[in-house]
Amino acid sequence: MSSTVHVFGAAGFAGAQLAALVDAHPHFSLGQITARADAGRSLRDVAPEYPVDQELVRPDVGATSAGDFAAVCYPHAEAAQLVGELVDRGVRVVDVSADHRLPDLEVYERHYGVEHPRPELVAEAVYGMPEINRDRIRSARIVANPGCFPVASILALLPLKDRLLDAIVDAKTGVSGAGKTPTATVHFSQVVENLSPYKALAHRHAPEMAQALGVHVAFVPHLLPIDRGLEATCYARISGPVPSAQELHAIYEDRYADHPFVTVRESPPDMRGVQRTNEAQVAALPDPEGGRIVGFGVIDNIGKGAAGQAVQNLNLMADRPETEGLR
Amino acid sequence: MSSTVHVFGAAGFAGAQLAALVDAHPHFSLGQITARADAGRSLRDVAPEYPVDQELVRPDVGATSAGDFAAVCYPHAEAAQLVGELVDRGVRVVDVSADHRLPDLEVYERHYGVEHPRPELVAEAVYGMPEINRDRIRSARIVANPGCFPVASILALLPLKDRLLDAIVDAKTGVSGAGKTPTATVHFSQVVENLSPYKALAHRHAPEMAQALGVHVAFVPHLLPIDRGLEATCYARISGPVPSAQELHAIYEDRYADHPFVTVRESPPDMRGVQRTNEAQVAALPDPEGGRIVGFGVIDNIGKGAAGQAVQNLNLMADRPETEGLR
Amino acid sequence: MSSTVHVFGAAGFAGAQLAALVDAHPHFSLGQITARADAGRSLRDVAPEYPVDQELVRPDVGATSAGDFAAVCYPHAEAAQLVGELVDRGVRVVDVSADHRLPDLEVYERHYGVEHPRPELVAEAVYGMPEINRDRIRSARIVANPGCFPVASILALLPLKDRLLDAIVDAKTGVSGAGKTPTATVHFSQVVENLSPYKALAHRHAPEMAQALGVHVAFVPHLLPIDRGLEATCYARISGPVPSAQELHAIYEDRYADHPFVTVRESPPDMRGVQRTNEAQVAALPDPEGGRIVGFGVIDNIGKGAAGQAVQNLNLMADRPETEGLR
Amino acid sequence: MSSTVHVFGAAGFAGAQLAALVDAHPHFSLGQITARADAGRSLRDVAPEYPVDQELVRPDVGATSAGDFAAVCYPHAEAAQLVGELVDRGVRVVDVSADHRLPDLEVYERHYGVEHPRPELVAEAVYGMPEINRDRIRSARIVANPGCFPVASILALLPLKDRLLDAIVDAKTGVSGAGKTPTATVHFSQVVENLSPYKALAHRHAPEMAQALGVHVAFVPHLLPIDRGLEATCYARISGPVPSAQELHAIYEDRYADHPFVTVRESPPDMRGVQRTNEAQVAALPDPEGGRIVGFGVIDNIGKGAAGQAVQNLNLMADRPETEGLR
């Protein structure tokens, strides 16, 4: 018997792919897929790369049932409100927004500028990286789907987490990460033949990385003239001697042996093997003179960085094979 | 003694380059450069590729003097109003908008959906292609700077104008041609790795081409994933025998011998030789079996297609060398 | 019971995708996948976007069996030789090269500059557009997979084939169409921010179009700064009155009603709905004043233009559902 | 009276622009511009963006005279040989190759894998960053034009050189930096919609940075899907308290007050203001919690990173204004 997954906010880049993944999933069936401005149009019409003819509708929490699943792809603050209502009805939720990622509410409120309406749900939510919390995700009522930058950078450093002294994350993302709203920032003429550092040392994903890695993170994102793909080059000083390249590779291989979506590469990966997938590729190199290692992580920012990751979490929550519908 | 050139609407792509060209021009000096939302910012701040520190100001027609020149880079309809006011003060104007290009007001009003406020000025205006109207431009009060698509396609077919039976213009333009306003159409994620035909057989530049070439023109523009550059591949049946490739080349060479900004190439040009310049490159090939020739034209849509073309016209109006400040 | 498909020339763009499609196909199983320089590497290593770990091997015709299928992605002339050997062993072949597309050997030899080694096989081969020859493909020993440009342009005009007086095909293709060999033409710095007409009125795909459409075709291809995707804007004068837009749409809908991979659109399509698929989208607009229609076709040049098309043909040859493994 | 500048290796990206800059320079006149494969073609034909009709010739050292200047854009090792011959004839040389950048010959030979033919000339050569060695450049016989990555990263950290404890340079470059030779690495289909870290912790520009900054440098370059432009984000721990943002800005302003081609920005710059120029833009932000600063530098890799930089050096050597011919 299939499980119903509702996708709230399905007209954006992440929501549209999430709806398409659910639609093609062997086990899940698509419940309502919602939009505001685009209600009444088909998903395919709004996002032609996804061959889904189902119609976008205005959100209707009342049409969900206990036992259903939902993915919420709303802006932060708006998401928290909806997640609460869904959970109250017995719906289990993957929150693709940032609203349940930071259990330290003081940090959340400082970075997002709003008060959280349901602190008890933040406390309960599980951070949705299966490579860290696989078992807790299985039984969670609320899974906080991680940010795209944190996914790539945490995976790039996680195997040495216990030895990190600090971390620098220099990340580069495709434009789809900025969302679908037309702004001067995403005008083709602004982006093409350009690279833009932005929100340097001030991006909201930094506390999420720091929380997962346990150290201060200096984070500088850069906007790339590509649509999809995200790379993080991560520089971290570590305690103890710096492993050799072979030792590093073995440590990474060992850490991810049981995680189907993380592949450890011998050398720093480009984006070709991960685009339009839920795969991550990582590598690490030693810098013994600097007392540090350099970790590399690449993902599709909409895939493993959002929609694919959400389906991976839904698979765990629904007790399905972790890779189902994702390969 | 220098001449003053005011640039109205200098924050857009064409206006900004026009202001920069005037600023660097040996003879002209920059009068007011105007903007609305961006008033108070420097041009360099608004358009970092142009090293001009002058401040954008709100437009002030009263600050212009008889004998000054002005270039008007406003949306159509708004331009006509301003051009009239300027001419009334004795300012000679290059109208970069479409408002003075179509002397047949019925055609203008059908395509632009507005009534023209100053029909007598449309009648007086000279169509600003120096390759057609060089002498009339010299003495004009109003020069109607041509559209970017017409420049490339008219130049591609002009040498055979008297023999044309019809014309098809299949044109491809960079995104800057769509202007600076952020819309879904110019979102990087929409444009990259894509090509979009748009306004097929319904674009406002078609009547402008037809007027200059004297035949019906089937015009289909396509949006390219590039910032700057415009190419027109033009298919035209002609009366009489189809010249050989060598004959065609000679006809084109002869037609443009006296026109410094048009280079005739042996084979169809790409965009590299014209980007960020006021140059045009053209070529023509015979299709004897089809009774037609194929003409090719490339320009920079903001250069020879707008701002550079305007300066070329200003040079003529001010009795300066035609290439001054453009090489 | 599955059928074996060998892919000869699997390291190139088309061959690699073809191997990946066969690998993931419910019915087919992958036989040898061959390469010369890359023999010994896995397909995934050579083409990271395809998750296929099978190793590329040097071609071995002796390892094929009667009843097997093969797809040949060799350069022309080399392909003809191999196809002959395979057919002699009872292998049924889709020739992705140009070697069996032109039954008029005089035309073939003039355009490809070689003599065909097996004229009787050219005579026997079926041109592999299911929208024209579906039934003949089912029983063919050799299917000549069409060129990428012909697929898009023939589909754009096919519904009016009987009324065509002539045809102009102005096509734009992604760089993958130029193949994997590094040359000055495909250097990133040459392609980006550029558009290049090439082989204007002299491209080898023109006779293939003319053969399918029954009229002279003036064909000008242009190289786009994108990887994958191909668009053809086709201008054709027709006999009799030019249908209205609605009538044209109905004619196209009717022609393709039974063809699952061709979608008729109301307005000219961009590439988003077809990239990385075997889908084609077409549209047509009337130009009554010019006595012509304008047909539009978009495909993925490696998908419906090569590898996907080949699998569609293999499905027919193996008596499988036409869409199997392609959606 | 003008000075003659010969450009050896003028068909590559840097050499072609250098020749064009010299050609348009008010004081310099272009001597021989050399090429091997492209000898006999005009520069414009080889590099259409530069309107220089002079013909490329095979190199002829005998055609140079004492008092001439030369710029050598050869591959390393080949350059050293030629530079020696030129200096022996009394020609003053800017070596755009790496052959005279590393006075520590052991370091040079380890990184470049060749023995230097003229050690005494390496010892004599001046490292060609005017922001460090302006006065020594004026009188040098050999100026070692710096690498593109070092220019951007050294400028990004130079104002705090005396307080640096270490440095990490995460740099991103356009494809033109990889040179004009077609390889798999620069195939459009490989580069577009991608980002590739390469030679991580193993790039030859690292010792050049370390030499200029006086600390160990961990350097990871990344290949961007753009043609021209280079950005370096540089993370450095410093001794003493970390300055505030305002203090940092003042330190940078002060350091570069006298250097016309370096602009200090309030926030991290993108590439728009430097492309196709000899300008550099830098910025710095404090990370007090990490005890470090983050410096940003952007340049045009062919401009301030090669050809423009060389002309700036030639201006100094010829006792001309530093900005002549560069604005």
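The letters A, B, C and D name the chains in turn, as written, and every chain counts its residues from 1.
Criterion: a contact is a pair of C-beta atoms (placed from the backbone, for glycine too) under 8 Å apart; a residue touches a chain by one contact, two chains touch by 3 or more.
This is a predicted model, so every value here is computed, not measured.
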Homomeric contact chain A-chain B: same or different residue positions, threshold half: same
Chain separated most widely from chain A, comparing mean CA positions: B
Between A-D and C-D, the pair joined by more C-beta contacts: A-D
Computed distance of Cα centres, chain D from chain A, in Å: 39
Separation of chain C from chain D, taking each centre as the mean of its C-alpha atoms, in whole Å: 46
In chain D, residues with contacts to at least two other chains: 190, 192-193, 225-227, 270, 272, 275
Interface residues, chain D side, partner chain B - complex: 44, 48-49, 51, 192-193, 270, 272-273, 275-276, 327
Chain A to chain D touching residues, read off their complex: 166, 168, 170, 172, 174, 192-198, 200-201, 216, 218, 220, 222, 224-229, 231, 233, 235, 267-272, 275, 285, 287, 289-290, 292, 294, 296
Chain C residues within the chain D interface of the complex: 13, 175-176, 180, 182-184, 186-193, 225-227
